[in-house]
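Following are the structures in question.
Presented sequentially are two complexes of subunit A, the first with subunit B as partner and the second with subunit C.
Showing the complex of A and B:
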């Protein structure tokens, strides 16, 4: 039985860059949702109040684009980091401990559902669980499609030289409905599944301070803990968590 | 009985009103025109100009007269055509804009056109880039219409389209086509060596974002000169960072990745902890207010603050201008801040420039005249001081040349309390200032770019090093 201090031993779960990108994307995304919906639902009283408080329609448009650039910059920074991770740190982008979806996630999902209904134990999650992977991929892919439709709406004159004009209308429809979906996903599903779980309620701090504990890894990500232990046995030093 | 009284009043009233109307000698629209009897809605069409159909309907009314060759006015025995063809709007950005949406004061009797086209009802003023501040006194049409004759209206202090050509022959201004603004050919109607409107004889590049240190500047890098300066600056910052990471970080000697990870972790933890408040205190007291220099010598503090705080104030003003313009381009605040001739901006820019110059002269006196023993005279310091001093001096000459060149009225220019006397001084030299201006501009721009490029190298490196050292020093000695 490990002592209390050993159980609380700190491990790094998210590096500073990831914490920073999460924070900026979080603020940017909130800004986008607020300004975007105020523009879309401009006939509503609450939207008019927001527009008034933010200094008028033109400024809300400007802020929306400003937030979009900032949020998309996070996607670009993250993509560059993926290249750095793959080629300079020689990390694996598709391995079991990565965020890449694998068949095991589907099995985990079914086993997890069974567990909720009292059949069998909890699945042995790796470094990232299936819902964490879903959250990540939803925003990583979603920001690209939102960005693409967004620039078509931002520069319609330019794009209608390259593609038929009705694509601008298509972009408008896609931009709105995907925005509603993304906001629902992030503000409801993500916040509940990441922050309002009984284990971490009211806030999952690890994305903000980057730290997790040995106990937490053993409980929430036993698959990751196995790899850390294997590293300890083989080399006498643990596998740095960022290499996983 | 009541009904009869009311009826009687109505009959008397209508008879009186009818006789009053008949008594006035107003010119009425003829009830029959071109053989067709008019009905009210022929003119009062109440077209909804927010729709394309409404726009065309509304325009059709104007073109009933303005579409005919007979539509002319007589100016000094010249017949000026007022005819427009519907084709002239084809492909134009204003294809679906009704005449009365721009010419807001014409739909009335008598039919007169006094205020001109109201471009600013829809479009914001230009806040930077190519059409920068001096263009605030240029009317929109002077650039955005195809006529190439422009004039400086000294009474209104505005550059506008001329109603006469070079030979003083009145010309029609009915061509509503818009010139292509993607190439700068149309700028040459003012920016040519023979212009009479006070424009520089060549089109000068836009200010770069690097200029935001002292000026309102757009978010573009602009001329290649600024790109070069920016790349050198980035290279210098990269060299500095590489130098910083040469040493070991918390025991890590080799891996740069680990060093950066450890440093960023420390920075992150410092930001998201209570320590940030004491760091902010150091930033305000030691970095911003220069407490340590003040403790050593009031004179040194005064010299340094005159230069440093004035530059910080210029930067702050530039940033406020930048955001004020972006938030509300048409607001009186934004226009006053981007207009170099507005009293507040003209005065504050000159005043802060003067403070920097006073600081530099004082520093130079300390170094070369009084020479107290404790003043170190490093050549690096002298280079930095010379660069800033020359930049400010050239700035004042440039301002003077601009005031002189653009023929700014003295009651406007007087708020530039250094620029305006400089302009009067420069006026003694009978040079062609519209030609000289570009050389002064490039000299100021090159020196400014050189200063930015020099920031991470010589003495100016202290702009980054000293605040960092102060914060690190504070962290290593938290008891102080």
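Showing the complex of A and C:
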């Protein structure tokens, strides 16, 4: 802390594991989107160009499954961390400072929308805002459904022994629509809300280097700052109270 | 003077430029037909033959007589002045395709065992009963309806034949061709040229042309590539369409309905979620920009 100004106190917002998982999932998701869409839209020239550049259909298929395994490994790692956080760190997975959706998020959403139209101020967000929770939960649940439907499409012979064969069709439909939704949301909505809006433009670095500052917490997550000030770590919140 | 930087009357408004750029980059990629689908295949067995194209085709080394016989055969005059209407008949309906058998024995015999020959037989019976040529969009094909004896080329790769096949079969089985191309098999085989994937005849047989409505036949077709396939596996719907489906094929109608309903629900969900969040992001950006500009 010696070299830094008093006002620029650094706090850790994301631990090493979360930063790493975000990075891997980000790359894996991009790979999945690229390879998957170049199969889905294979009638078009750009998709055929991508398939050609990646070395043919067999490679694209392999890469898609490779990315899927790597990305799903992030889900597993994260799920294990959740258990670790809950049972060893005695943290709360559903408290006000957690990523669990609460009634306040709905109120925040309406208040925020009202703020867009110039009515009232911004809501006092906790550690995670409603759009951050949506981004997180959409990906966390989405990866599971994508993984489930994807694995059915990967091993149709095996799964058609357990479930009717046309469920493979259903899996295909769900896989495709959810992929379109995920790409439409992650590559546009997530990037705008997390990085590109004027407040944070051009890049929100905290997910990559984990660091945030006192000003930032006070401005963006005032609810979290209150908790830090009150020193209520033991309330079971996911607060990174240790200063770097 | 026209241009984005030009001042005065000829200036292109930014809105218009954005509009055309959007058309160019967002719309055109989907509106442009994919390569390999667009070229029309020179089909048809007509009375008139383009000899230059004929010479380059598979049968180019054959003389006319080898397939059509000499003018002196039988007791018919050639051309037969008493039956001038003959020339107005469709060539693919009057030619005696039994002659193909001389060289293409296997194909011919398989065709006779297949669904197309059965359909042709029924059609001929109907014609005799009604006393006139059958009309309607779909008529049973003879050899010449699918193959062009004059223009089809030889030594094509599996992918080239397959791409042409989807068009030829799709002439009558349009819904099947469309659903096939939406299926992974079609995307891999036709769009990406993967010759390990299945084209029409890989499942339905080249000249047998079986419908695969029977489970045992379907399973045998699946098993050719998917060795682990079970009876359940054949319930997978390659062609989710009800075109040409028997009224009493409840099972498949149900499956197609399930697939369509789930597609509909999913598309509504996707559109609703995407529209909401895009609107949310857009309004947010406007508000943020507004705040920024007001501060300075």
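A few points about this structure:
Definition applied: the second predicted complex is superposed on the first by the 227 of 244 C-alpha atoms of A that agree within 3 Å, B and C clash if a C-alpha of one lies under 4 Å from a C-alpha of the other, contacts with A are read in each partner's own complex, and residues count from 1 in each chain.
Criterion: a contact is a pair of C-beta atoms (placed from the backbone, for glycine too) under 8 Å apart; a residue touches a chain by one contact, two chains touch by 3 or more.
Note that this is a predicted model, so its numbers are computed, not measured.
When both complexes are superposed on subunit A, subunit B and subunit C occupy overlapping space and clash. Looking at the shared chain after the overlay, A:174 reaches subunit C, while subunit B stays out of its contact range. Of the two partner chains placed by the overlay, only subunit C lies in contact with A:115; subunit B stays clear of it. Look at A:19: by the touch rule set out above, it reaches subunit B but stays clear of subunit C. In the superposition on chain A, the chain among subunit B and subunit C reaching more residues of subunit A is C. Judged by the touch definition given at the top, the superposed model places A:202 against neither subunit B nor subunit C.
In the superposition on chain A, A:89 makes contact with subunit B only, while subunit C stays out of contact range. In the superposed model, A:158 lies in contact with subunit C only, and not with subunit B.
Steric collision with subunit B, judged by C-alpha atoms after aligning on chain A, is confined to one stretch of subunit C among 92-100, 128-136 or 272-280, namely 92-100. Residue overlap on subunit A between the subunit B contacts of one complex and the subunit C contacts of the other covers 56, 58.
Within the complex, the subunit B residues that touch subunit A are 257, 261, 264-265, 267-269, 272, 326-329. Residues 15-17, 19-20, 55-56, 58-59, 62, 88-89, 208-210, 242 of subunit A are the ones touching subunit B in the complex. Within the complex formed with subunit A, the subunit C residues making contact are 29-30, 32, 34-35, 37, 181, 184, 187-188, 191-192, 194, 226-230, 232-237, 240, 255, 258-259, 262-263, 266-267, 269-270, 273-274, 277-278, 280-281, 283-289, 291-292.
Considering their complex, residues 39-40, 42-48, 51, 56-58, 112-113, 115-118, 131, 156-158, 160-161, 163-166, 168-170, 172-174, 177-178, 180-181, 184-185, 188-189, 192-193, 197-199 of subunit A touch subunit C.
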